[in-house]
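So, here's a batch of structures to check.
Two complexes follow with chain A in common, the first pairing it with chain B and the second with chain C.
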Partner chain A sequence: MGFLSAFASWLGMKKKDVNVVVLGLDNSGKTTIITKLKPAEARTQDIVPTVGFNVEKFQTKALAFTAFDMSGQGRYRNLWEHYYRECHGVIFVIDSSDKLRMMVAKDELTLMLENADIKMKRIPILFFANKMDVRDSLSSVKCSNMLELEKIRDKPWHICNSNALTGEGLEEGINWLTDQVKDILTQKKK
Partner chain B sequence: MMKRDKKEEEEGGANPFYNLEKSSVLQEARTFNETPINTRKCCHILTKILYLINQGEHIGTMEATETFFAMTKLFQSKDLTLRRMVYLCIKEMAYIAEDVIIVTSCLTKDMTGREDQFRAPAIRALCRITDTTMLQSIERYMKQAIVDKVHSVSSAALTSSLHLAKTSPDVVKRWVNEAQEAVNSDNIMVQHHALGLLYHIRKNDKLAVTKLVNKYTRHSLKSPYAYCLLIRIACKLLEEDNAGPMFEFIESCLRHKSEMVIYEAAHAIVNMKNTTAKELAPAVSVLQLFCSSPKPTLRFAAVRTLNKVAMKHPAAVTACNLDLENLITDVNRSIATLAITTLLKTGSESSVDRLMKQISSFMSEISDEFKIVVVQAIRSLCLKFPRKHSIMMTFLSSMLRDEGGFEYKRAIVDTIIGILEENSEAKEAGLAHLCEFIEDCEHTVLATRILHLLGKEGPRTPQPAKYIRFIYNRVILEDAPVRAAAVSALAKFGAHCDELLPSIMVLLQRVQLDMDDEVRDRATFYLNILAQHQKALNSAFILNSLQVSIVGLERALHHYTMEPTETPFDLKSVPLATQPLQELSKPIMEASSGPKSTEKAAASRQDVYAEQLASVPELANLGPLFKSSSLPVELTESETEYMVRCIKHTFPHHLVFQFDCTNTLNDQVLENVTVQMENTDDFEVIRSVPAASLVYEKPGTTYTLVRLPEDPTQVTTTFTCTLKFIVKDCDPNTGEADEEGYEDEYVLEDLEVTVSDHVQKVVKPNFAASWEEVGASNELEDTYALASMKSIDEAVKSIIQFMGLQACERSDKVPDDKSSHTLYLAGVFRGGHDVLVRAKLAFSEGVTMQITVRSTDAYASEVLASAVG
Partner chain C sequence: DDKWLEAHYDPVSSLYTFTQCITMSDINADGDHKLIIADLGTGSYDMKLKVYKGTSLMTENAIIDLPTGVVTFYMDTNEPHTPAIAVASGPFIYVYKNLRPYFKFTLPTLSVNPVEQDLWDQVKEDRIDVMSLREMLDGLRCEGATLTVRSMRFLQLQSHDLEPFASLHKHAPLKRQTVITCLATMKKSMAEEDAISCLILGTESSHIYVLDPEAFTVLATMDLPSVPVFMSVSGLFDVEFRIVVACRNGGIYNFKRGVKEGKTVFELNSQPVGLERLGKNIIVGCMDRTLQCYTSKGKKLWSVAVPADITTIQMMDHQQKGFKAILVALANSEVHIYRDKYLCNVMKTPDVITGMKFGRFGREEASLIMTTKGGGLVIRILKRTAKFEEKDISAGPPSSQNQKLNVPKKTKLFVDQTMRERENAVSMHRQFQHDLYRLRLETARNYVKALDRSMNPISTNPQEPLKLAAQVQGLGPIFKLTVNLQNTSMTVPSLDLIITFQYDNTLYKFNKSIIQTPMLVPGLNYSFEALVECLSDKGISDTVKVFVLKKNRSVPIIAAIINMPISEAMVVV
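== the complex of A and B ==
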């Protein structure tokens, strides 16, 4: 860290860097959400199925996020675990219009929570019940029931409806995540 | 400061990565997981990983995968250097780690992103990790990248496509339109790469390639690199068939403005298989111009190419002699050496002395490789000007005395041996030089080889006694293999020269006290044989070596020990070594490494046949295979419906004809194929082994077994042959044959059995001794007038071919200016009888021949004596 940046962080001007992983089944809208969170001029135009992962950066009022946007396709899901170790938070995206695969999403979620790198840590998990604009989509409450989110007791979690195409609901979720991560960071310092 | 530097150098510390350890580096790689990223540290670790991989360190799949995934986290950094290091690492680890496709999206993003610095390396890394199944998903980006306006991106995409074409040619083929567009780029590298890809896509379609070349020869390309490539493509086309305009194009390139293109064109013309002197002239004159260029690379390229041309067309290079002379004093030693060796190849006899002097002035300054080039040039020079051998010999011997590696020394020894075998006048001087060399020779292989040569040639020189000292010195001073070789050489002197025999006996008695078993055994063996004072024994066991093939002997002995019998092992049942000496003498002159491989192949060829025949049950129990004819006889014209070639195998009382048949019709399947043989003499056809079926272009083999007549003098005959088979029509595409077939036959050419089929060539290194050994009991003598022969040389060749015997003592080489010559031939007749022939030839309007045949068998003598008739 150079002198200038050290000076900046001492003044509290520089935002703290945090890592989050973005998980969820394929076609749930992970890349779209992350793209929407970036400033307008940095967005890419077309969004194609991710192969492997993407690294994206975006900022909120208090934190600078580095998001590992993982591929949701079946053959790459076992590669998620490589990115758990250093993360400060998880964003889990659910396609709320895809009732059929809700059970698959639940399995993946359980698998993630069982992972050694996640299990022992108290890290916040943010759920986006995405695609709320689609007709017949499930509400956030229904989603959380189907995924049995109430069973998660050792970690703070939050679920909110979202529409990544318009950006609706994203801010609410990210603000919650920012507060949680900040809390945990300050607790650690003490 | 200076002191520290020096110390570091002593410890080999100039390389900071000298003491890297794999496990600690991989441990360090965990730093990649930290946030925020320490750019400089990560770069350093990546360098270490790259270093380890490039040193050939093996990294396990598990470790590699872990490191790889840690590395993927570095994609969050935007640092230019770090990112490019990551690309490099991805490429290196692509085949070591698992799940490397995880970075596909990251790389795709980089290759389409705004940062031009990232795009080209990202494309290269992406293409490395992508397999055929994944290629579809990035195809769109690749197509865009090929026609990108940034040159580096376009070039990277094109070269990566070339690599991808190895694994997934079908996908890459679809990018032909983009490649075509890229050829029109104004960047020289892009144009070159695009043309390369375009050619690669169309490589297998000859018509398309011709069109491609025609198109781009007409509207001129900007890039000299692309031009060079075009010349190479045109050359390939020319090799396949002689198309006129292609050559004109290459020739026109000689007048191109870029030196690179001019050189490429000249190089291409020079390397074509059959260029005439007229076609060669412009290329050579261009190279001549390059010889006086101020650029050393051009001079080197020109002189190197001229050196190659000089081997094939020395006359064409003569024109450049003046320029080459100037290059002799070139500051660049490589250029000077090549210039001199070229001159040696093209120069006249008078200039040899001067050139040799010139070379010796800087021989000590050039590397071993170039020294070998010089030695080879001297060798060919000696063949060309035999009278100059004394200068060459002195030169070679002074080179032998200098420092040098094994390859270098071997080249010199090979050359000296070659010279003294070719040129009898040089023999004594050559032997003296070699004697001096082995006095201080650290290479066992060379020492044993020279000792063997001394044993062979030494006894026949006017003063054999003077070599004894050199040989016996070896017995006292050297290690076991050399001592053993020296003992063998001593014994040969004893066997050949009666006046030296007592002294040799004394020396051998001393050697009997040697520490090494082999040396002692040899000494005892030779001593006992020499003590018998019998010429025949000397000849069989000392002067002439083992005649059987080593592989065959090994197999026969193994067989014998596996099945214990009362009868003693019979050496005559072992197949004789086939001597490919006739073909062998030529490659020796050209390259010293060549003959070894051919000899080995030829020696085992007969053993291969023996094994093949033994596996056919109908042909078992015929006894040991005596001889297989070396070249197959063609019984059909080439390019007919069916091709049949015959190889004759001779057994003690039978002949086996092996017919290799090929069906060249793709709409027919032949079944039950046999060759019917008929003849009028007492040769009896016993049975034939059919080939079950002959499919298109797949050779099959049928055998016919013939019993030889009772009368041992009747050995020659002619068979009429007919190919008989059942034809079934079949679909050319699927190869499925109809159920129904009909019988058919095909007339083949007549097959002759000659005397040479009953005789195996054998080398008798000492013919005179063998001649005495066989004795005069079965001697036959006759005189013939060979009116049709124009020269002694011609007569010698046809006698050798007709009798199928081996010429000994180099008597097959006839001196030019002599009108009489004696030919010595040796061989073994079917049944294991030694046959020796001495033919005295005299030339005066046709050749007169007096032939004397000696053999251990009376009938064999008779057959051989009547062979020439």
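== the complex of A and C ==
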């Protein structure tokens, strides 16, 4: 970390800008999570199904994130791949209460991992097993089993339970993502 | 499978149901479509209305009689705008709102046969005994009168049960009711997705009723020549509508607004197992393993044979992709997807599918719900990236077969020949037969000659069963002649045999003219060799005969003729 703080001061204390793309099926809670990550005064009250995508900015201790909050509806999912090239990380949100569509989420995840822009890049993927508060929701371990996350070997990934309504579990995930993105940026600099 | 995702498979969900008893609807108005299944239970009791949220069972309601159809419809415009569930069962429609029983509609009663009515009246006044009642009712039935359920049940009873049955039921008024065979909905005056709909019922008494969704009164009654089994409804009741009905007699009938009697569209060769309407076309699955398509005017457009019995058919309408097709479930545990008459996908299923529904389930637009013969529930979701080929994937004649060949014109010679063949057919046939007999005669003669001279390579003498094979090796002027001899008997060895040769001694010279054979053990192959020198250098050849002789007998047992090859000239180096 000594190097990193030196690196930050060399940048003139300016936080590094990074892009993340937020993916997941419709109604999994992407927009709710991103809204929760923004400072309280910037939040919008009503969450409606996203059309196309939204661009949101939020900051953590070390990085300034620009999040491309993609719409999860079937007809907009083909937009996702256009944002893979520029991204430093992926946030994939899973509705852990929707067992029926776990296979759909897995299919979309597979399509993403096979995309040429993602396949060759070593970018961190953060999974949120969202809606942990719903009765009968699946645990993060169960989710990662069903999505066969253990098969992702060439990219760092992390899964954590979350409840986007209260913000529970979000911090843990975002901290992990910040560390990973920082690591990768440092390695590139070297 | 590259087109479908297996979202859920429960082989033991203990569901016994059919296509007509499955539907999906947003019954809580929360954007999450629930799966509603009327379960036939064991087929005689334990009937239930089951509602699934996602993959888990949300509620269960008991149904009293076997369900024949389930639909959801909007019966009012109250907020929250939730649809009601209608279950057809026996002569009743049970309507559920918010998953609670709300209303029970009973089909209008039919007129009772006056004789039957009179008989039961007499029972009430104890003027008739049960045995003669049974006789009279049986007589009525034999005359072809349709009896009430009570009389039918009475006729089924054993004689000692008749008295208690009659005394139990005689005071209740006699009613003749029919049962509902199929159920559908039709929008009343607005075409919106969530507009108020009427219920359309088909009954065993060959009627179709249209019910008002608010007051549950009969808005219209239509008559059919047979019992309706499948219905396809389109249009608005207050404006204009079409009801296409498949009946148990194999006829397809069409109703328009204001028409009382169904118009025959066409008659099928076989009984229908499913009816769907795709645009203006009517698609019917039949018991003779065909899927047939007709226009609304009754003109047959196409018919395709499927490899197994059809269990059910279902329309697949994927609005997002603008893709419409017919799903055909077969008895060989496959689901075939036909787009027009082209097979574009074959799906294997773990069991025979008896019921299926395609539509929005949960939040997924393209879900296919299937129930199996063994009571399983299969849920598959069409992949976002799935593409169906336009072309037929089923094997058939290659397209090149349809190309027209460039056949040359008939020549004069060909025409003349054809004419001659036509005129002289009898004599040609006679000539052919004549030649055939001559050929056979010639063959037989030569055979006899060969037998006489023992010129055949297999011995016909039963005492000396032998087989002879001879061959010549070499280029010349010296050849090697190899004679193979085999005793073909099972047990008897051959003794005292001699091999000798007959040849032109000006042309050939043998190094030995006689070969004494040892005892020939049955089954073994013996080979003997002799060297032959060709004496001529003129490039001529002759035949050499090989004889196998028995001592003290002049007629050879077997013989072989060898055509000697032409000798190469001696090269002196």
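Odds and ends about this structure:
Everything that follows uses one rule, which is that the second predicted complex is superposed on the first by the 178 of 190 C-alpha atoms of A that agree within 3 Å, B and C clash if a C-alpha of one lies under 4 Å from a C-alpha of the other, contacts with A are read in each partner's own complex, and residues count from 1 in each chain.
Operating definition for what follows: a contact is a pair of C-beta atoms (placed from the backbone, for glycine too) under 8 Å apart; a residue touches a chain by one contact, two chains touch by 3 or more.
Predicted model only: the values in this text are computed from it and were never measured.
Partners chain B and chain C fit side by side in the overlay (superposition on chain A). Within the superposed three-chain model, A:50 lies in touch with chain B and out of touch with chain C [touch as defined at top].
Of the two partner chains placed by the overlay, neither chain B nor chain C lies in contact with A:30. In the superposition on chain A, A:77 makes contact with chain C only, not with chain B. Look at A:131: by the touch rule set out above, it reaches neither chain B nor chain C. In the superposed pair of complexes, A:100 makes contact with chain C only, with no contact to chain B.
Legend: residue contacts after superposition of the two complexes on their common chain; A:17 is shown touching chain B, with no touch to chain C. After superposing both complexes on chain A, the closest C-alpha pair between chain B and chain C lies 10 Å apart. Chain B makes touch with chain A in their complex at residues 33-36, 69, 72-73, 75-76, 99, 101-106, 108-109, 134, 137. Note for the complex: chain C touches chain A at residues 5-8, 31, 54-56, 320, 361-365, 379, 381, 383-385. Contact residues on chain A toward chain B in their complex (touch as defined above): 1, 17-19, 44, 48-55, 57, 66, 68, 71, 76, 79, 82-83, 85-86. On the side of chain A, the complex with chain C involves touching residues 25-27, 74-75, 77-78, 98-104, 106-108, 111, 136.
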